[in-house]
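First chain written, first letter: the chains are A, B, C, D and E, and each begins at residue 1.
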Amino acid sequence: MNAILLSAIWGVLMMFSGVFIKSKTTPKYLAIVGIIVVFIANALELNAFNIGSLHLNIDTKEMLNINSFNLTFIAVVLACTLLFFLLSGRDIEKVGEHVGEYFALIFFVICGVCLSATYNTLLLLFLGIEIMSIPLYILTGSDKRNLKSNEASLKYFLMGAFSTGIMLMGIAFIYGGNANGSFFINNIQIGEGTMPVMIAVGLVFMIIALSFKVSAAPFHFWTPDVYDGAPTVFTSFMSTIVKVAGFFAFVRLFENAFGKVQGQWQNLIVFITVMTLLIGNVTAVFQQSVKRMLAYSSIAQAGFMMLAVFALNDRAKEGLLLYAAAYSIATIGVFAVLIKMNDYTIEGFNGLGKTHPLIALCTTVFLLSLTGIPLTAGFQSKFFMLMAAAENTGKFWLVIVAVLFAAISAYYYFRVIQAMYFKEPGVEVIDDKDISTPFKIMLAIAAILIIAIGIYPEFVVGWMYHS
Amino acid sequence: MDIKAYIALSLTLFTIGIVGVLTRRNAIIVFMCVEVMLNAVNLLLVAFSNMHAASTAAKALPTFASDAQIFVFFIMIVAAAEVSVGLSIIVMLYRNTHSIDVNFLNRLKN
Amino acid sequence: MNNVLQIVWLIPFLPLVGFIITGIFRNNLSKGAAGLIASAAIFGSFALSVFVFFQVKAGNTHVAHYFNLFKIETLTVPFEFKIDQLSTLFLLIITGVGFLIHVYSTSYMHEEDSKDFSKYFSYLNLFVFSMLLLVMGGNYVIMFFGWEGVGLCSYLLIGYWFKNNDYTNAAKKAFIMNRIGDLGFLLGLFWLISVIGTVSYDQVFSATSLARLSTTDITGITLLFFVGACGKSAQIPLYTWLPDAMAGPTPVSALIHAATMVTAGIYMIARSNILYTMAPATQNVVAIIGLTTAIVAASIAIKQNDIKKVLAYSTVSQLGYMFLGLGVGAYTGAVFHVMTHAFFKALLFLGAGSVIHAMGGEQDMRNMGGLKKYMTITNITFLLGCIAIAGMPPFSGFFSKDEILAGAFAKSPLLWGIGVAGAMMTAFYMFRLYAMTFLGKFRGTHDQEHHLHESPKAITFPLIVLAILAVVGGWIGIPEIFIHGGHKLEAFLEPVFAQSNAIALKHEISHNTEFLIMGVSVLLSLLSLLFGLKKFSTYNGDNEVPAIGLTRVLENKWYVDEIYDKVITQPFKSFAAFFNNVVEKKGIDGFVNGTGKFVNYGSRQLRWLQSGQVGAYILLMVIGMLLLFIIQLFIKN
Amino acid sequence: MGTFITFPELLLWLPLLAGIICFFTKDEKSVKAIALTGSLFVLAVALISLLYTADTYATYNAVNYLWLRNLGTSFYISLDGSGRILTLLTAVSFPIIFLSTYKNAYKNAGAFFGLMMLAECGLMGVFIAKDALVFYFFWELALIPVYFLCSKWGGEKRIQATFKFFVYTFLGSLLMLTGIIYVYLHTGPRLFEDGVQSLHSFSLASFYNSNLNEGEQSWLFWLFFVAFAIKMPVFPFHTWQPDTYDQSPTPVTMVLSGIMVKMGLFGVIKWLIPIFPLAIPKFTNIVMILCVAGIIYASCIAMLQTNLKKLVAYSSIAHIGLMCAAIFAMNEMSLQGVMIQMFSHGINIIGLWIVIEMIEGQTGIKNMSELSGIAQKAPVLTIMLVIIAFANIALPLTNAFVGEFMMFAGIYQHSIWMAAVAGLAIIIAAVYTLNMVQKVFYGNTNSVTANFTDISFVQKLGLGLIVVMIFTFGVYPQPMIDLAKEAVTSLTAVK
Amino acid sequence: MGITTISFILLSIMAIGSGIMMILSKNPVNSILWLIVLFFAISGHYILLNAQFLAIVNIIVYAGAIMVLFLFVVMLMNLNAESEPAKNKRLQFIAIISGGSLLLILLSAIMNVKDAHPVMVAGGNAGLIKTLGKVLFTDYVLPFEISSVLFLSAMVGAVVIGKKD
């Protein structure tokens, strides 16, 4: 709750900063302060919740459901955003004129993320998702001179609007099929046995719409193009924080609304999961541009996160938290490095290990984490996901399939590592003037975080279990 | 008047929207087709609300059916917002390429 | 002085020490020192063996148990020496002959520079060490240690002049052939272990464990052991390495490939005689193989011109005789022949060595002749050796061979007949050799001729000693029919073969028949002897006719090597090549790489889905929606 | 009495520490010194720990840290039976490797030796882990540094070769991970010291008595076995190996062939057979046939190799196949044989690599047919090589003999024919070993080997150590056998 | 057949027809006009369903504001019929087929549900502004506030994108 309010308010603040503050660098610091404030507020709320006394208690008419799980998730998201600001803040300034507005939009997105993490009615789910999406359409197109950026934002917008329509249709059918005639997700009367046809139809619509938001195959087609076309900073943002938020909404809806009849729709999830893993991993193998490769890899990772929707048990929730943290940190880190690159192709990374050992080392850690090598957070998150899927009995083969694709994923991540360490450096990999020491330090901290979570995941998961 | 009639109607409109999206290349038209889809949904929601209002459980509280109508109201809000954004994007595109053909730009592929 | 048996470990230890010293200080030892150390080591163990011999003769045998090689619940393999009549006898032969050959070598190898000189002696000592291990070992594993050890040494010594590729090939051949035998030996050993779970002789031959062995077990085990023996003792089909082994220095041939190592097989079978006696089937196999080898080898020897090759084949055929003896149950005879053969064959080789030495490395008999007047001692000793091997009474060869033949006759006259035929050939080719070498007139080049000379003391002394032994060595085994209680050896070895004699069915043959067969064999071989002598005493290269028919086959050693090459080596090589080129590269690795290629290909295909056009994307999405709806609404799970 | 720090921890953290120090050391000389001293410390620890094998010292040999309790896992490491042997092997090998390659110069030496030490840490971890998750962690951790070592400092085709190796093994271990998860879900609950109760448990003990029916065990068996088979490697999972051995820098190859392959065997011994007792009888024969086929197959190919490194690689495949077959023969004799052989094979093959390294280092050639007559130039080297080579083909009085003897005897007790067929390898091994000796060392020197120099003192030291060990354990292997006793008995109990 | 049924049918035909016309007409301006017709039809349905407020809002917001906006943009770009090259026929065919089959699937699934749910036509006061207003500012105050964020972001977006720089 605190997070929602504060992020919205701070968004407005940033908006005006854009108007009143001429300096291009100030908004960044303002934003950093803001995100820290939001984080603290959220932490307080989490703590208060865990000891059972909420300070400011707004009556939301049960439209929001605050619990330690989604508060922890918000905390993770905010932390990642902070990291994102610290690592890539200066690159946001480079995108265009309206620095303040960019930050404002990002804050609005955060607000939407918090909403879709805590919503308790379909209405707020819808609003949350929209509040997440609309600023992103803008951010995608924010590099106005660049045709790729324009194209990306147009594609993103059209398909996004389309998926909105689909989601609304789903909501309508769910509402219609729900004898209680209510939009509260925990007040949907499904009854015993097979669910009513209308609910089923609505459910499928919802699966489609949410799969679109989390870029799960076969509704992923916007992802590579949009991620590729958008300014790299914003790609980094939307491929991490927004995506995991989408997953969180996904899991939340299906756990609370349709958890009881899981058996009746699980096949769809299995289908989508396998498709996503297949397309994401296999297509990434061939990519030459690291940016695009990361776009596909984000699809592949989404395939793994789908396992949480598949399993829907406590392990899955923990896994989702871990995944949110591990995947976001690693990806933000990689993108932060990628932005500095002069050449986005894999050859562009040649010999980075020689010229910038520290950066190369951190990048390696991130990539290893994305691959899921032990002692990195990536392993723990994948591991939890697999455990969750395995605990959900009956479809163990899915676990094996997932693992096989994980092996493929090693292929494209390691191509970058090979380029960095085993190839001779080309001309001027990075121009050193925009590599600041703080940047290096932040990168190192991110890498250390990855390792820390990898060694001791309870560091993240533990928050769920304080109450 | 049975609900099925309304379902049929709105699904038809919905499909018309989809087909429009699929067949047209003019970004604005495509976007308008999306609007058609949204309106189909709105219609359906209102119909459902009255269906629920007709059901016995509803008799209890008078404002029962208004949930859905509020929802429709919000949908319209969102639609409006989307339109503003969408149109601005399209205009920007037009400014850069002098075309609003959705297939005109495909630098991003594979 | 029972304590000799307590320090029996010194016997192998001394050569080991010699090996280590000469080996490590090879760079700074003078030739004299090296030779001295090595010979002294051997002499020391010879002296000890003599003491031991008297101890054993006095009747107190001994099993010296030192430590456990390894000990697990199901099997214990101690490091132990067994000193009994059999091993003592071999001890004497090995150390005695070994010592003489060391002495001989000091002079024979003198051209080598001191490095290689002491390397040579270290190998020689190492060989003696392993050989002693082989015969003293108190269980099959220790025996196998020696067994492989001697193989290794023969490999090293055959390839002693390692610059020459043919020599190293010969060495390789020897080692691999032996390995084949060893595999048989090992499998037999495993079989033994899996049935009775022990390897120590005393326990294996104890009545209780023998009772646990079924007939199949015994037959199988003995056969497998015999395969090992074939490898080591150069019997058909594994004999071809021995003639090639002549690539090594002549003393080595004398020591390893005539006197000691090749008799390891006989020792092993004699050691486990009871097992063989209990497996008549195997005995027949042994007898037949032995006899065949004797004949075939002898036939080949007839047409050889390389002096050492002749001796090599004669060794093979003599070994055949010994196996014949073992096969027909005349264990004493076999061991007896081992001893006598050690004497005269060593003598012959050393003599040949002396000749080659004089001829400056020339080994082809066609270029010799008339050496009688140049090297007297060599000539006489060599002649004695020839007579001995030809089995003329009262030389040593006569007694031992006769005993074996008698045993063969007792089994079946046919075996005896063939045996005698072999004996005739032996007499023939030996005197062909003698005549071509020493009689007639010299056929070599002039510079060879004018530095012909008698060899130095260090060479002649062993010759003389061995000659004496070759003459009198047989007198410890004079059969009953001449002197009552004349067969000292049999009496001495009696305890070793007691078990066998107890169960073996003895068919006695009357004295008259024995006299008869003796006379016949002696007469016949005397005839062929004289024939050979007459035919070749005037040999000069001119009456060479291109060989045809059987002689051709004989000259080419029955084409055995070629056949092996075609039937075994080549097919195996191509088999391996098939593995390497097809299965490995195309098959397995092809599959592995193929998977990777397939993923790449799939990636290149899948990316076409990403056409870059919104319309197409949404269309695909709609199709996806269709799929999902169909799955959900129409496919009932 | 409580112990301040235990042996397993020392074995684990010392290499890690040394490795980290190496990373931050620039000067090559001191890096080498650090690495060497570090490995020597580890060796010392390993040797000292041998004095404390008795049960009364249990507290010295095991430690259990709380970790991820609600998953039912804990950082539990301890030294015992087979693990102890292999840790010893690891501890012995590394100093020898460093010694024998001491004069080699590496660009960016700090990273090189750092990674080497990390690899040692990982290997140690694998051998002492008593918790499935920890085991898997170290299993991968051992792989990663080796991957980097190979593809940074290797030969010209290194990147493809080692990447194949990496993906191959990574795939295998991932499959194992799924297997681990499945078994985990069928283990009983676990109560921790501090009262936290978890539904299932990752501890090895609870894996041993998991409630899996025969059907489940029989497919889980393969999930695990494939991972181990790839690591060993067993025919037909071996094709990554020759190229990798050929391409990687020799010190790494030594680690790979001497120690890492043992990870697979160790896995089979500790993590496969006891966990799936019901599946073993079903697949024993299949696996053994695979192994025996592999033995012959690899020997045949080795016979044709002209590339020294590949020759050794294939011969190693044959040896490993024999060991694997012996493990599945599952009787005391064979298992004891394996325990000894795991150690001996490590020593011998490292020796072989050292020699090859010296030859290649001096001539830059690993193709046998281009070499000749080295024996004249380098007698000492030749003698050492001959000893090691003959130890490699298990000549009596060398360490390998006892092991192979027992293994063959054990296999024979399981099946006569397999023993007989596998026995053929004895002959073929002789063939290719002697070929190698003849081609490389005998004959006359040629242009390449004309000015070949004999080995230096340090190298003598390295090889000398190996030769000494060869003979010591060849004549008196009993200590090794006693060390392995408990492991063996626990395994034979499974059957 | 009551008056409501008849008007329902008429409005439905009007809606669908205008929808089809919208996607068929080549000239954007025409399709915009057709769309407005569609909106009126839907508003008619709202009235039929006794949701007067929504009906009005629909007219004002959609047909009024949004459509004018569209029209404005189209005029601004003075797009005429030729400006849009037709998609290739095969693709269009596939599109229509898949869309149609989607419709059929859904209908066939929903229509064979036996039990009937009558829709309360021209009754209840749920749709009255009074009721809705009360509900909106009591129960739905949170979403109402939140939606302001949406508008803000949209506004900022429009600025960022549209502003010339």
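FYI, a contact is a pair of C-beta atoms (placed from the backbone, for glycine too) under 8 Å apart; a residue touches a chain by one contact, two chains touch by 3 or more.
Predicted, not measured: the structure shown is a model, and the values here were computed from it.
Provide the labels of all chains in contact with chain B and in contact with chain C.
Joint contacts, listed by label: A, E.
Treat touching chains as neighbours: how many steps, at the fewest, connect chain C to chain D?
Between chain C and chain D, the shortest chain-hopping route counts 1.
Kindly list the shared contact partners of chain A and chain E, in label order.
Output, common partners of chain A and chain E: B, C.
Write down the pair of chains with the top C-beta contact pair count.
Chain pair with the maximum contact count: B-E.
Which chain is in the middle, if each chain's centre is the mean of its C-alpha atoms?
Chain D is the most central one.
How many angstrom lie between the centres of chain B and chain D, each centre taken as the mean Cα position?
Distance between chain centres, rounded to whole Å: 66 Å.
Any idea how many Å lie between the Cα centroids of chain C and chain E?
That pair's centroid distance is 104 Å.
Indicate the whole-number Å distance between the mean C-alpha point of chain A and the mean C-alpha point of chain C.
Result: the chain centres lie 79 Å from each other.
So, what's the distance in Å between the C-alpha centres of chain B and chain A?
27
Any chance you could list the residues of chain C touching two or more other chains?
Answer for chain C, listing residues that touch two or more other chains: 596, 607, 610, 612, 614-616, 618-619, 622-623, 625, 629, 633.
Which residue numbers or ranges of chain B touch two or more of the other chains?
Residues 3, 7, 14, 17-18, 21-22, 25, 30, 47, 49, 51, 55, 64-65, 67, 70, 74, 78, 81-82, 85, 89-90, 92, 102-103, 106-109 of chain B touch two or more partner chains.
Please list all residues of chain A that touch 2 or more other chains.
Answer for chain A, listing residues that touch two or more other chains: 123, 127, 130, 134, 137-138, 141, 144, 154-155, 158, 162, 166, 197, 200-201, 224-225, 411.
Can you name every chain pair that touches?
Contacting pairs: A-B, A-C, A-D, A-E, B-C, B-E, C-D, C-E.
So in the complex, which bits of chain C are touching chain E?
615-616, 619, 622-623, 625-626, 629-630, 633-634
For a test of understanding, state which residues of chain A touch chain D in their complex under the given definition.
368, 373-375, 383, 386-387, 390-391, 396, 399-400, 403-404, 406-407, 410-411, 414, 418, 421-422, 456-458, 465
Mind pulling up the chain C residues that touch chain A in the complex?
That would be residues 596, 599-600, 602-604, 606-607, 609-610, 612, 614, 616-618, 620-621, 623-625, 627-629, 631-633, 635, 637 of chain C.
Quick check: in the complex, which residue numbers of chain E touch chain C?
87, 91, 94-95, 98-99, 101-102, 105-106, 109
Using the touch definition from the top, list the residues of chain E that touch chain A in their complex.
106, 109-110, 113, 139-140, 142-143, 146-147, 149-150, 152-154, 156-157, 159-161, 163, 165
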